[in-house]
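Please read through the structure below; I'll follow up with questions.
Naming follows writing order (A, B, C and D), and every chain is counted from residue 1.
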Amino acid sequence: MKDKNELIKEQILYQSKVNVRKCMRCGKCSGTCPAYDEMEYHPHQFVYMVETGDIEPLLNSESLYKCLTCFACVDRCPRGVEPAKIVEAVRLTVIRQQGKNKLKPDDIPDIIDGEIPQQALVSAYRKFTK
Amino acid sequence: MQKIGVFVCHCGTNIAATVDVSAVAAALSAEPGVVFAREYQYMCSASGQDLIKDAIKEKELTGVVICSCSPRMHEATFRKAAASAGLNPYMVEIANIREQCSWVHKDKQSATEKAIILGRAAIAKVALNTPLKPGEIPVTKRALVIGGGIAGIQTALDIADAGFEVDIVEKKPTIGGKMAQLDKTFPTLDCAACILTPKMVEASQNEKIRIYSYSQVEAVGGFVGNFTVKIRKKARYVDETKCTGCGLCTEKCPVKNVPNEFNLGMNERHAVYIPFAQAVPKVAVIDADCCRMLKDGKCGLCSKLCGAGAIDYKQEDEIIENKYGAIVAATGYEPISLDKFDEFAYSKSKDVITSLQFERLMNAAGPTGGVLLRPSDNKHPKTIVFVQCVGSRCEAHAKKGKEYCSKICCMYTAKHAMLTREKYPDTDVYVFYIDVRTPGKNFDEFYRRAAEEYGVHYVKGMVGKICAEGDKLKVQASDLIADKQLHIDADLVVLAAAIEPDKSARPLATLLTASMDTNDFFTEAHPKLRPVESPTAGVFLSGCCQGPKDIPETVAQAGAAASKVIGLLCKDKLTANPCVAHADELMCNGCSTCENVCPYHAITYIDKEFKMPDRTVKVRRVAQVNPAVCQGCGACTVACPSKAMDLYGFSGKQIYAEVDAICR
Amino acid sequence: MKFLYYPGCTLKNKAKALDIYARECAEILGFELVEINDFQCCGGVFTTSADEIATKLAVVRALKAAKAAGMPLVTVCSACHNVIKQTNHAMQTDAVFADRVNRYLNDGDDYHGETKVYHYLEVLRDIIGFDKVKECVKYPLNMNIGAYYGCLMLRPGSVIEMDDAENPQIMEQLIKALGGRPVEYGNRNECCGGYVTVTDPGFARKRSRIIYESAETAGAEMIVTACPLCRYNLIKNGADIPVKYFTELLSKALIGEKE
Amino acid sequence: MQIEEKKPLIAAFCCNWCSYAGADLAGNNRQSYPDNVKIIRVPCSCRVDPTFVLRAFQRGADGVLICGCHPGDCHYTTGNYYTRRRMTLLFSMLEYLGIEKERTRVEWVSAAEGAKFAQTVNEFTATVAALGENRRLEDLRCKE
């Protein structure tokens, strides 16, 4: 029997299609990440922690909701690792669970300021809610 | 009538412990054609060889089979022994009962049986062997070195020192290569020019060395010992024999805004120029793309000024054909283009430069006279960021960069950082690294000195983004140890660009039929045991064209390549491998299939007259193999649709016989 | 030349300017935008997970509509463009994904990424030509304009393939054609904070400030973008210079300012 | 000495520069493999004529293994590319004739890959053994 952690790791690797072993620990992803200072765990740590199976802390971290999916790390990684896809897969692991939506319908009215484009709401919903 | 002798070696207990050697000798003595079978403790020893020699003489053997170690080990030994006893050395076959039998099997019974089968196969083969006589190839006692950097210069000097003539072909107007552009060299910090320019002068004054500067190899024909090479000597519009190198023309030429390639575009030169003060040959060259006289026919100032009358606007390219016995590729390297690395603002800011540009900025003969001023505004940079591994160690299929480590960057960056701190102690110097790789004598000590004594900030992490803002370069990077993202306002950023083989290497490899790896580095004949030879006989490798390397390694390899060349040129005749292809002219249908598969162009077609049964004469196109060029791979023998092509030493019949013996 | 036009949800609503001017200028420049019937929202972002199928179906429907109409698909909004191009790329290169999508839609016509997808800017550059655009300019802009690409328009570079993701030039070329002076600044291809503005406005403010300050320092008098969310973030978070859609600029140069 | 036929019988063609040296290295490192395999040395894998393979099957071999240098590393630059193409064709024809494709194999073994050689032979022998004897091309008229 595989333990829960291993199953989560397998699922993350499947969803992201990322080969975490390609990482050479150069840290360029974290060097280029615009959300770095908002994050507790940084892109290179996402990759490393998924590789080592230390996924629990990531699941409970606010860092999941700070990634802008701007793909700077994806385009600039010299090894083609695509850290943003790992972050997304970890986030999905969380928000697909019952009651784990980050953004709730009740939050929306306060956000609407008359100017915010639909695009923002739709995107945020897609990223933070299942 | 075959008279085959079989000799079974015990190899001490190496074979005898697992294989019943006397049973093998007994079984093989019963094979057809075998008239003599003996076992002995050490066949390769002097007395073992005597045993073979005596048997050849006494029994008048026509073939010899030795059941022993791998033919890769002692085939040459036993062939020599046979030859000394008067038997053609190619009438010897070896059954490998050590590496491929006794050492890999444990059961004595079945190992013995396998040894017998391997012996039978060798006997079946040797019965079909034919005496072969290796041809002899004369050797042209002159070497060609392609590339006039430190690798080429050192190779040429060493070959000339042994008394052989050697030519250097250099595509630039002067020899010297990349090393001439360097300021100081690690780990001793001696000045590059001080150790290189004497060698350049030595090369130019050595009567055994001819330098073809501003020249390129255009065509290569022939084979080891007998290469014919066409060299294109590009028109420099200056008569080399008359020019005194006074430099007057280079000062007065009215076209003075041509980017100076020697300083990597950081200053300008005139249309007529001498690349640098210590150039060899110290002769001016006119850049035809910029010269007004050559472009529009208006000007001619340099011609009027030249007291020696050396300017010749009518000069044309010249093709020179020479013969060589050996060729050394020393085409060197080039930093990769950084166009694809604009996350580092390389094409947006003049103050983001490559390490080679930094060498020029630090050099006393450079664009700033050796004062470290940044290119945009000629101010002293107060904060300098060095970025390592720019384009090195990238994923194989990444659209930018190279998969390999460029090897020299860690050390030259440590050198740059150290020199900067030494000359300008008030400068903050950061080096961003993934790993610091310093395997070399006194290398790690050097790097540690940069960090410990010179206070260079080594940061483990990579720069992620650089923005040029105002007169600052905003560097955003990760510090993996501190687990922080750093934001540094830098005045100058130096990128350690990966190095790649010079662009001229790939077409040259095609001309030389020398193989290359996927990165366009020349492949060596054996990665460990024959590191300076190309798999193509007579072609040798020197310097970075074979892989990234620093100066001491390059010089060592240059010497090694030279010694291989000398070893070749010392011989009056070369022995050719007699196991070559040959065509049966009567069977050949002239289809050219063999010609097309031959990697050596060893097969040509000739029109040959055949007397027909009706006494008419018919001219037919038939294949002919040049035995001196053929390397004996056998590709043509299998490709030939009419089975006209066969291979001496590995003929179809011989291999059938082996197959039959094994499957019996 | 006719293009099937996918405006997207925001252009029908908060970003009408982006839409209206795009249509007007297309007419002047001699190409036709045929609005797609019953389009559905692209979702705003492309979900990278291999098992996300349903979130991409709306886009595949639009791509199939273009295939059926025999026209290329053109978008104006950066987000729509990003999602559509990434989905199309996945349909071309990921056989498992394409198979699952096709089974899901199951309408007898399998789709494997046959439709060619253009951003409006690509149409201007690759089909109309910026030279032609320049000829049509009546009111040259004559000001310093900083193009803001953000992230959606360029990345991932190997999929979007619109321009060099680290050194894009397409909007600068447009600005030049319209008689303006492009201002290149370092952060023009960095993220404004995007949808995180919904959950963490403070963070979006920080990001946006970095962007517009970078443009202002470099001397831009105006920022131009193709993304409604970028524009919103920059304006809301205190940009001191106007932030306009590129189609507004285009219209201003070709037709003139409307009162 | 009467030798009982070893079954399965496997003939291996090894190129002189890489694979034969690789087999030697397996010996140097005492990496054992079944004695069913007998090696024939050829200068290059491209010297292996399809008729050699046919002859082996005709004479009762149960499997044929061809080893050459890795693509790109051929001593003769391009020989192993010829091998790859020729054997692809031959093997599909053999399969058509009823000789299972598992009985034939082309493997790239460098001079440094002794372990790979031994492993290849072990695997291949086991595969061929599992298939049983090959009778398809055995021509009894050619047998003594």
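In this text, a residue touches a chain if its C-beta (ideal position, glycine included) is under 8 Å from a C-beta of that chain, and two chains touch if they have at least 3 such contacts.
Nothing here was measured: the structure is a model prediction, and the numbers come from that model.
Student: Considering A-B alongside A-C, which chain pair is linked by more C-beta pairs in contact?
Tutor: Higher contact count goes to A-C.
Student: Go ahead and note the Å separation of the Cα centroids belonging to chain A and chain C.
Tutor: So the centre of chain A lies 24 Å away from the centre of chain C.
Student: Please compute the C-alpha centroid of chain A, do the same for chain B, then give the distance between them in whole Å.
Tutor: About 48 Å separates the centre of chain A from that of chain B.
Student: Where the centres are mean C-alpha positions, what is the separation of chain B from chain D, in Å?
Tutor: 33
Student: Quick check: how many Å separate the C-alpha centres of chain B and chain C?
Tutor: Computed from C-alpha means, the inter-chain centre distance equals 50 Å.
Student: If I count partner chains per residue in chain B, which residues reach a count of at least 2?
Tutor: Residues 343, 465 of chain B touch two or more partner chains.
Student: When you check chain A against every other chain, which residues touch at least two of them?
Tutor: Where chain A meets two or more other chains at a single residue, that happens at 72.
Student: Counting only residues that touch at least 2 other chains, which ones in chain C make the list?
Tutor: 158, 166, 190
Student: So which chains actually touch one another? I want all the pairs, not just one.
Tutor: After working through each pair, the chains in contact turn out to be A-B, A-C, B-C, B-D.
Student: If we count contacts the way the header does, which residues on chain A are in touch with chain C in the complex?
Tutor: Those residues of chain A that touch chain C are 14-17, 34-35, 38, 65-66, 68-72, 74-75, 84-85, 88-89, 92, 102-103, 111, 113, 115-124, 126-128.
Student: If you look only at chain C, which of its residues touch chain A in the complex?
Tutor: 8-10, 13-15, 41, 43-45, 47-52, 55, 77, 79, 150-151, 155-158, 165-166, 190-191, 193-200, 203, 207, 210, 227-229, 231-232, 235-236
Student: Within the complex, which stretch of chain B touches chain C?
Tutor: 340-343, 345, 347-348, 399, 465-470, 474
Student: If you look only at chain A, which of its residues touch chain B in the complex?
Tutor: 22, 24-33, 36-37, 42, 44, 72, 76, 78-80
Student: Within their complex, state which residues of chain D touch chain B.
Tutor: 1, 3-4, 6, 9, 11, 16, 20-21, 23-24, 26-28, 30-33, 35, 38-44, 46-52, 55-56, 59-61, 72-73, 75-79, 82, 86, 111, 118, 144
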